[in-house]
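One chain, subunit A, appears in both complexes that follow, with subunit B as partner in the first and subunit C in the second.
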Partner chain A sequence: MNLQRNPEIVWRIEKRREADVLAAMERGEDVSEHGTVILIANGMMHQLNFVGGRIWALCDGSRSDEELFALLSGEFQVEAAELAADLTEFINDLTNREWLRRG
Partner chain B sequence: MSREDDGMTIAQLDTPLRATWELHDSAGEISLQAELVAEKLVYAGLFYVTLVARPLAHPAIAGILTILRGGGIQVQATFAGTEEEWQGVAGLKSLPEIGLDANAFLSCGTANEWESLHQALESLRQYGTRPALWMVPDRERLPLLPQLCDFGRRHGVTRIKLPNTPVDASFSARQARSLPTPAQLAALRTVIIDPVALRSGLTLEVHDLFLWEILFPGERENGRSEYGGCQAANSLAHIAANGMVHPCSSWPYALGSLLERPLEEIWQQGARFVVLEKIAALPAGCAGCGDYEQCFGGCRGLVETLGSADNGRDLLCAGRRPPSPKGRH
Partner chain C sequence: MADAITEQFSAPLTFNWTLSYRCNFSCSHCYSRDEVGEELPTSDLKRIIDILAGKQVPFINFGGGEPLIRPDLFEIAAYATEKGLNVSMNSNGWLLDLAAAQKLKASGFKSVGVSIDSAEAALHDDFRCMPGSYVKAVAALDALRAVGLRSTMSSVISRINYRHFRELLQLAREHGVHQVYLHNFKCSGRGFKNREELDLSPQEWKDFYVEALAVKAATSDLSISFDDPVISSLPGYEANPLVKGSSCGKLSLHLRPDGDITPCGFIPLVVGNILREDFDKMWYDSPILNAMRSKEAKGKCSGCGAFADCLGGCTARAFATTGDFCEPDPHCWK
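Right after this comes the complex of A and B.
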């Protein structure tokens, strides 16, 4: 079943931050600690970094895990095994939190 | 890829996430160009807007709600029970989430006042809404808090909100004297013998840290999860009836007019960063306090607006506290 964002969670992309992160990535800097997506779950604010935010944005219920993986592997230069492991861990974390659902 | 739970730095937000918006000013004049303002709030990507100051009596309320909801904003509105507001309610197909403004009904807490509040609650329910109760805990009404909780439980209200004290440019010395004092909070603490029972069946949203401590004792080790310091001019904004953007409803400092500029632009300009610097600065009166990392100086807006006799400490703060023996801080 495809992954879908919990509709009760409000979120948005921080455009200025995202532009800064993209520029930093161009320069080869580590941007893993820089949030670009803000979301509010159960009244608390959280942020996702650029890659996490990209996955979050793609989880609109229209894609399988395999399709997500294929899209991300085209966008990011990461070893396939590393990406698969990171993606699984991220998805498990967010589904455990009920931020993402299978449906 | 990662997700961050805490310690998040959000000073670079494009725009606030939530705002309060006055639809009438203190003289009763309506917010002008309200639909334009609503469109700007939608465009700025806000998540939550709370409409205050008799919003349902605004002649353009239906259009305002359509714009805000259509833009994905979750809308709440306060309700004070005036005749014009009832007319507004009757004219709406779908009400927003309502916060029934207990301050408009209660002063001394007489039986008649509680009955009026009850009647308003039941009348609103006939429109298919389940109102929350809102009460700004001012000096006069703070002692009524236990009764308000009982009232809510008895009448099936599940949410009670105790928001910050709003301040506008016309705030007078008389109004300043309506703020509760640390001594009054201490007196309330002696009255609330069983806070768990007081909260039973209710969701309490409490702005003031020192009041929160009385209502949620023993929960400090878990932190006050929804609070990471004053959010004014950060994730929070206030829109005055004249379209002026303020850091929050307790801080009438002009950041820029929504009638003239988009919120994204106002949010990236110098006036906002002046406010952020003030919030980030350790108030002299808080130096050495063991609880600073819990309260971060508390409500900075009221201190900035009204001044503090205690070197910038929150107006409800009774004094510096010793460092935690566990070295938590």
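Right after this comes the complex of A and C.
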């Protein structure tokens, strides 16, 4: 079943930050600690970094895990095994938090 | 995840929106009861919603004045909901009967708050200067429950109730309330004039919060919220990981009835007008907002170990009592 965002969670892409992060990536800087997507879940605010935010944005229920992986492989220059491990870890974390669901 | 980063957001998360200063009550602590101002027509309110939706502001909360005084409240809320915003409001409950609750639900409200300051009817009525207001407020909570609309309860903590907040929590439970906001007292407007009579001493604030945080930690059937940066050094306080100090000007802004933006309802400094000025320019470049976002420790805050988390406490209270954002919060007990 495809991954879908919990509709109770309010979220937003921080466009100015995202532009800054993209520019930093172009310069080869580490941007893993820079949030570009904010989420409000159960009254608490959280951030996702650029890669996490991209996965989150793609989880609209229309894509299988394989399709997600294929899309991300085309967007990020990462070894396939590393990407698969990171994607699995991220999905497990967010499904455990009930921010993502299978449906 | 990237929870540790504190940076400026691209827009507020919440606009607290005073649609009108008009009110059928005349409360002792009200920040706005003595205010007067032009009110915008429905068409302009919709233009504002268009701007907020364009900036992806996710939440608007109508306050006042009494929001139900404006007959177009339902139309405005429905429009905002249609544009994807999450709409809530705070009311004194007087006009919130079953019919109004049904209309609020139909307009898309996500939650509606009712102000109740004491579980003793006479004390609430006296504080609100309105006989019968307690009964009406409780009935409003019941009306919201009857139509299946999430309710919250707002209680302004002051000398009349700080020893009896548990009774307020019990009242909330009995009437199906999901969340109780124990608001800190703001010395703005009438709250400033009546400060001597209503405000607690710093030590009383500390004692209240230590007790209330312990109750919160032991409570699972009701959500209890405080929004007071002065408590950030106390045990049991769950800090917002993304913003320290006052959230005003960082996570939230306030709209006046004429479209003027202020950092919050309790700071009477106009940043600009949302209908006449470029929003991004105000948000990113306002000297007022930027001063609030970059407070420097003054007075007893200098050298205080808590400053890194509380950033001087409530900016509105510091400003109201000293005229300076950076002075210490007068509620601080340190």
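Keep in mind that, in the parts below, the second predicted complex is superposed on the first by the 103 of 103 C-alpha atoms of A that agree within 3 Å, B and C clash if a C-alpha of one lies under 4 Å from a C-alpha of the other, contacts with A are read in each partner's own complex, and residues count from 1 in each chain.
Quick note on the criterion: contacts are C-beta pairs under 8 Å (C-beta built on N, C-alpha and C of every residue); 3 or more make two chains touch, one makes a residue touch a chain.
Everything numeric here is computed off the predicted structure, so don't read it as measured data.
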> Putting subunit B and subunit C onto subunit A via the overlay, clash or fit?
Replying inline: clash
> Should A:4 be classified as contacting the first partner (subunit B), the second (subunit C), both, or neither?
Replying inline: neither
>> Per the contact definition in the header, classify A:35: touching subunit B only (first), subunit C only (second), both, or neither.
In response: both
>> With both complexes superposed on chain A, which partner does A:95 reach: first (subunit B), second (subunit C), both or neither?
In response: neither
>> A:73 in the overlay: touching subunit B, subunit C, both, or neither? Say first, second, both or neither.
In response: neither
>> Need the overlap of the two footprints on subunit A, from subunit B and from subunit C, as residue ranges.
In response: 10, 12, 14-17, 32-33, 35, 38, 40, 43-49, 52, 93
> For the complex, which residues does subunit C have touching subunit A?
Replying inline: 1-5, 7, 9-10, 13, 56, 58-59, 86, 223, 225, 240-243, 251
> Can you list the residues on subunit A that touch subunit C in the complex?
Replying inline: 10, 12-17, 32-35, 38, 40, 43-49, 52, 93
>> Can you tell me which positions in subunit B touch subunit A when the two form their complex?
In response: 1-5, 8, 10, 12-14, 17, 45, 47-48, 72, 74, 225-226, 235, 268
> Can you list the subunit A residues touching subunit B in their complex?
Replying inline: 10, 12, 14-17, 32-33, 35, 38, 40, 43-49, 51-52, 55, 86-87, 90, 93-94
